[in-house]
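Presented sequentially are two complexes of chain A, the first with chain B as partner and the second with chain C.
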Partner chain A sequence: MTGLVLYARSRALPAALAALAATAVFAVWAAGRLDAYLDPDRRVPIVALAPLLASAVIGTSLYAPSDELDRTAVRPWWPRRLAQLLALAALASVLLAPAVLGHPEVFGPPAVIRNTLGCTGVTAAAAAVLGARLSWLPAFGYVTAVYLASSGARGRAATVWAWPMQPGVQPGAWAAALIAFVLGAALYAVRGARAEGPRG
Partner chain B sequence: MSSLRVTGLSVRHRKTLALDSVDLALGTGVHGLLGPNGAGKTSLIRVLATVARPSGGRVEILGQDSADRRGRSAIRRRLGYLPQEFGYYPGFTVREFVAYVAWLKEVPAAGVPAAVERAVARVGLADRIDARIRTLSGGMVRRVGIAQAIVNDPGVLLLDEPTAGLDPEQRVEFRELLRELGARATVVVSTHLVEDVAAACTEVALLDAGRIAYRGTPEALTALGTASDGPGDHPIERGYTAALRAHRGPGAGAREAVR
Partner chain C sequence: MTLVAEPEAPARAPHPLRAEAVRGFAPAAGAAVLLTTGVLLAGSSARWQGAWAETATEVHGSLLIAVPLAAAAGCWQGGRERRRRTEELWGTVVRAPLARFLASALPVAAWVALGHLLAAGLALLATWPYARGDRPHLAQLPGDAVALAAAALLGHVVGRAVPARLAAPLLAMAGYVGLGIATAGHAGALLQLNPSYRVLAEVRPLWWQPAAMAVWTGGLALAAVLGYAARRRGTALLPLTAAVAAGVLLVQSGDGLWRPDPLARRQVCDPSTTPAVCVNARYAGMLPQVTEALSGVTEKLRGVRGLPVRWEDRAGRPHPDEAALPAITPLGWSAVRGRLTDPRQFAWEAVAGLGLRGDCAEKWPTGRVLLADDAVEHYLAPLPARQHFDGIQAQGDAGDRAELRERRAARARLAGMGERQRRDWLSAYFAARGRCDVKGVPAL
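Showing the complex of A and B:
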């Protein structure tokens, strides 16, 4: 068995892939019940919540059970960490996009991809600061707060702080999500997930 | 020749000074690291393992400077480390876990299966090599930890409380393994169990409040205990207490009695 396979298993990546696939199936099923062809705005819950679930799966997969031993690895960790995060974020984007096909200018695939990248960035940063097990919490809190608070919000500032609720073509929302992704990915790649005690 | 040399080593954890200008040079053999809780044993082992960065000083292992990135990689290739608590993915078997560490240490892929089997056999777990680690007893898990530390035939082996959780028979076997490993490598064993040191170590270093309080052979420490009337059931325990008190100064015994 090669080292990379053992690495993937040590991060429980098979379970993470299954959870991402289940999230995608759930998103497709839920989107099909919204009659979104009548009004694409009905997709907002899917566009906001499916990336949030996917980022939670990605965040918990960043847990390193043998952190102390991992720190004695001969090779630097940042390329492996970055590769894992980018691969999972790309896979989540590809899997979730079919749930909201069409209407790219409002709540279609671009909005889902943007939110997946943004939520993954926030979650990766949280894994570096709080630890992987609780990494889902800040993104969950932020997206929930924005979901509840942004309905009447208008203006340029709102397109930035309320990025998870913006239509797919909104440049401010894309900028905010991409900055979150780049900063979160860089922080996680450099520092790794914060050390936590053994599971259980 | 010293395979491990530390000069002016300081480690600070926020406001606490865990190691205070420690100088140490160790060669081939088994070196016991003794000291009370909080003396800085684990801090020293973690710096030697290149897991923690020192606040000051220099660490040279196997001729390489651990502050240099390339030097650190070269050290890690030839370093074995058993932390006090090592985590493992619960789904791993003994074979998979030890192979994972061999991969971290860049053991050539072709040699990994044989190296894993050899390391597991040396700790007496050959019959459980395909068992999941989570199904093993605490003592067996500790032995898995020792197996991963020796999978790359390390030149320097750092063991932090390796005998915790081992039963008396396993400890006797482990001391034998230590003596065997110490014939070719520099082994540093941090422990609270002075009888392990007496039985298996060629040298002892006693740490107290981040400084080296005593260095010598286990026999010299035992002789110190024979000559002193300090507390302890065995001469080496009395020697341990006497060396600590001598380091702390003449008032230390009285101060501790008042506490």
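Showing the complex of A and C:
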């Protein structure tokens, strides 16, 4: 087996890919039941929650089973970590976008891609700080809280703090999501997932 | 005096529950619930801060995210021994499985409930300086805390039973989506059985509803715990029976679980003006600023006859001799944190309510009536954006510009009348509008 395949197996990437595919199928199925042809705002649950679930799947795959052994390696790990994260985020974006085709100016593919990147960034940062197994927690808490809090929120600040709930063309929301993604990806690439010892 | 020193009593080991409660994941789970609920409440503060009933509704509604989070936290804790690979070791100890289960599950359950209660306490503190009437609504807090603890216990059972990395996030997501669907549904048994179901701020639960909800959620959790960990699993039937009985009671009661808030049907009034100004007793303290916002209108209406007796502020349509006060609730629009957001807009809406009141089946107003309506509105409380709209109309076609000239002339004629002449004209206008008599509206 090549090093790449060994790396993928050690991170349980086949299971993560299967879970991402299942998430995409579920998102397409759920979007079809929302009857959102005339009112794209009905897609908000899909736009907010499908990327959240995908990011949870990505987060759990950031787990390093032999962290101490990895640290003894001669080659740097950050390119592999970064490539893994970027590949999974790109794949999740591509898989989830078909669930909300059309209406790109409101809740269409751009909003899903933005939320996938933002949630993945938050999850990657959480993996570096809390550990991969618990990396889903901050993104879940934030997105679900913002989902309920942002109805009726107005003003420029709301487009930033409520970025998961904004239409696809909102620049403030894109800026917030991209910053989260860049910071999270950089933190994870540099530090890796927090080691989970026997007390984890 | 004795020469033999008494042996020191051996230091007692702290109770396992104490160690679990002050260290490890349990406090973090409580902090997560506090933080998540805090983000929700901070983001939606305009909707609830300043009114006790809205605060209670929002805090109760936060269970929609807190319950799945508590379940996920319990699930995470439930998988701990598997992650640590200490399951076999635990199998060798003398304590019963139930005691071992509770020692690790109860602290998480207690902390998530405490996190919610802390968030509720902070929300009440945040509302206190801005509250304009009513008093804190605390009836649902105990039931909410039990629901959270029950979710954590149920999650713990799932965490013990399901050996999967994604178990906790999937449980959180499934709980959130499931509760969301149950909350968004407009009918059915799920509404009454849903611990996060939120009702309007003007409605209160019956005194026993929180207790029944606590038995429903707590009984289910206890049944799951006993069924999973008790030596005699048949004991699970007792809490299960209690839960089913409470559930049946909740479903059978239906909408009867809620009653209108008696305070919401009362008003406090300032009768010194014409019309009198009344606000709902739930925010009685806003009466002075509402009166102040309408003072420009009431000043100009002094001595005018044919007016409604009062601006009223309660649910339902106004009586024939009343006009509806502009809506102060839901909070976040007209009023935020006990203050009117735009008193000029509020006054304009109040004037609009004066002209179109009661059960009047409005006939299509003629141009003459529209002119009179516009002139009265402009005289009493002009729309803040009127200049903007007039500017747009001024750039329209010849017909638009002619209509605008006509309206401006009518406004000028009403404003230019003598005091007594204008009072008589306004009296005739309001009398005709009150009778739904379009033809009786005097010309300008």
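Following the convention adopted for this analysis, the second predicted complex is superposed on the first by the 197 of 200 C-alpha atoms of A that agree within 3 Å, B and C clash if a C-alpha of one lies under 4 Å from a C-alpha of the other, contacts with A are read in each partner's own complex, and residues count from 1 in each chain.
FYI, a residue touches a chain if its C-beta (ideal position, glycine included) is under 8 Å from a C-beta of that chain, and two chains touch if they have at least 3 such contacts.
Since this is a predicted model, take the numbers as computed values, not measurements.
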Practice prompt. Applying the touch criterion given at the start, work out whether A:Thr72 contacts chain B, chain C, both or neither, answering first, second, both or neither.
Written response: first
Discussion item. On the A-aligned overlay, A:Leu49 touches which partner chain: chain B = first, chain C = second, or both, or neither?
Written reply: second
Worksheet item: If you stack the two complexes on chain A, which partner ends up touching A:Pro171: first (chain B), second (chain C), both, or neither?
Response: neither
Discussion item. Applying the document's definition of touch, where does A:Ser150 land relative to chain B and chain C: first, second, both, or neither?
Written reply: second
Discussion item. If we overlay the two complexes on their shared chain A, which of chain B and chain C does A:Thr60 touch? Say first, second, both or neither.
Written reply: second
Practice prompt. Give the label of whichever partner, chain B or chain C, reaches more residues of chain A.
Written response: C
Discussion item. On the A-aligned overlay, A:Arg9 touches which partner chain: chain B = first, chain C = second, or both, or neither?
Written reply: first
Worksheet, complete the sentence: Dual-contact residues of chain A, meaning touching chain B and chain C, are 12, 198-200
Worksheet, complete the sentence: The answer for chain A against chain B in the complex is residues 1-3, 6-7, 9-12, 64-75, 197-200
Worksheet item: Given the complex with chain C, which residues does chain A contribute to the contact?
Response: 12, 19, 45, 49, 52-53, 56-57, 59-60, 63, 133-134, 136-137, 140-142, 144-153, 161-162, 196, 198-200
Worksheet item: In the complex formed with chain A, which residues of chain B make contact?
Response: 49-51, 73, 76-77, 79, 81, 83, 85-92, 96, 99-106, 109, 148
Item to complete: Under the touch definition given earlier, write down the residues of chain C that touch chain A in their complex.
Response: 32, 35-37, 39-44, 46-47, 61-62, 64-65, 68-69, 72, 76, 83-85, 165-166, 168-170, 172-173, 176-177, 180, 332-333
